[in-house]
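Working notes, beginning with the structure itself.
All chains are identified by letter, namely A, B and C, in their written order; residue positions are counted from 1 within each chain.
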Amino acid sequence: MLTTVYLIAITAEAMSGALAAGRRNMDMFGVALIAFITALGGGTVRDILLGNFPVTWTQHPPYIYLTITAGLATMVLARFMHRLQQLFLILDAMGLIAFTIIGCNVALQLGYGLPVVIMAGIITGVFGGILRDILCNQTPQVLQHELYASVSLLVAGLYLLMRHFGVDEDITLLASFSTGLAMRLAAIRWHWSLPVFYYAPERWQN
Amino acid sequence: MLTTVYLIAITAEAMSGALAAGRRNMDMFGVALIAFITALGGGTVRDILLGNFPVTWTQHPPYIYLTITAGLATMVLARFMHRLQQLFLILDAMGLIAFTIIGCNVALQLGYGLPVVIMAGIITGVFGGILRDILCNQTPQVLQHELYASVSLLVAGLYLLMRHFGVDEDITLLASFSTGLAMRLAAIRWHWSLPVFYYAPERWQN
Amino acid sequence: MLTTVYLIAITAEAMSGALAAGRRNMDMFGVALIAFITALGGGTVRDILLGNFPVTWTQHPPYIYLTITAGLATMVLARFMHRLQQLFLILDAMGLIAFTIIGCNVALQLGYGLPVVIMAGIITGVFGGILRDILCNQTPQVLQHELYASVSLLVAGLYLLMRHFGVDEDITLLASFSTGLAMRLAAIRWHWSLPVFYYAPERWQN
């Protein structure tokens, strides 16, 4: 089940990357590259940080083809996609959750300690979007907007807690996905967000 | 022959990096660092992604000295360099081709599959310029302008195909360089470019 | 002694990262992430470039907690911090020096050659700030402003020279810190800077 969700998720992430590239008027190559990096960049950063070589996608060519195809298809489909915005938000949220759980598992298998496991989950979840925004020369949105990375943190915590207490894997996954999805969609619906830090030194210095 | 072209190429790339740093009014240190990263960053990203440690330049101090010297020399020579713009475009194109072929070979020697080999070639070819643009806070030019990364893809494909059919290495290199160079210069001359993806959601939503 | 200075330094770096995040109106998560990356990103880039796995902070959870806590505390303390600007400049300079020396030592222990050792020191010293500025979508300040990276280069050179001649470790550290600190503070006080490269091709072409 996690693999199916993962494939859907990297497709959705690749499309979000392609749209961002389109806003910067990139050419086909740029669109394909940003789609690839948005979808697989989080896992790549995680693998490199954890010293987990070879990096996952180098052993799974279908991931490369899928994300590049999804990116290029977006160039044609973009004009119909705004009608599917709701669907995309759900796919994106499911991707965030799937990436987080997969990231935690990779770090667990490598024998890392709890704080690193949680960070591996969050990095896998959010770094694709951060790399996309860096390449498109904008401040990373996941660090500014509604609860997003926090969903990743919550999911990582819940998943690891249930796993620690030996809860059945299927129930754990179901609980993680439903809780994470509910929280993310509620955050979008009611504009929940973490406290924002507004720092303008002039305000206090003058 | 490939080594000679490589040395010329990293010098040319270092100078292009230094010019970009100069447009941002960086100091000598910034110029040297951007020159170094523009010239050797593509190979570094490739080595890290492929788990190819130690990273190439750490074993070849002359590459470090050459790129930093080229970057610093550019501070003095910049005012004469616009007369050499044609030459630079040719050196840059030869660098792109040399980087691509070297990148493919590194991945081949590590036993990676064909899609990863092609991506290693392209990454070696274009990522130095992408890192330069990220550090200079601008949208990566290779993702927006005339055929550039596509030349890398074409060269990688041609090189690997000829290699696969057992063509003599010298002929393969000659064919790769002449085809890649012709395509790149034609793209500059007649402004060939890949289809560009213009995405402005407002156009369709209102 | 180096460890104590290191802990103070990553705290100060984390706070500088948090302030930069606040200028971009990031939320709590963004502040924590940028604080973490500013403080530990230089060492992470060094470890990855040198193939030094596992990356240092993954084996030291307290570094993770300390930098994230310092980042979040900055959200509350920011309004009082401009009074402490002098103190911060000193802590930041001590951090730069400590990071540089630690970076040189890591590369030495891995058996790298002198130029790579020096670059490892400089990368550890300055890359946290570079990553901070990339994530906050601004041109890296350390490549533009008063002597900063040069202090790192001077400290690396002095440290390695005294080490080479077998000078007592404590005296070497003391000399490195006092020289580096004096140079950095003098640079701030009298606006010393390296020659800046202003490149505006139009100036010469028209």
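Keep in mind that, in the parts below, contacts are C-beta pairs under 8 Å (C-beta built on N, C-alpha and C of every residue); 3 or more make two chains touch, one makes a residue touch a chain.
Source: prediction; values computed, not measured.
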Which category does the touching pattern between chains fall into here: line, ring, star, complete, or other? complete
Given that subunit A and subunit C are copies and touch, would you call their interface same or different according to whether over half of its residue numbers are shared? different
Overlay subunit A and subunit B by their C-alpha atoms and let me know the rotation angle in degrees, rounded to the nearest 5. 120
Length of the line joining the C-alpha centres of subunit A and subunit C, rounded to whole Å: 29
Contacts with two or more other chains occur in subunit B at residues 48, 134, 137
Per the touch rule, the subunit B residues reaching subunit C in their complex are 18-19, 21-31, 33-34, 44, 48, 53-55, 58, 61, 64-65, 74-75, 78-79, 82, 134-137
Touching subunit C in the complex, subunit A uses residues 48-51, 112-116, 119, 130, 134, 137-140, 142-145, 148-150, 153, 193-201, 204-205
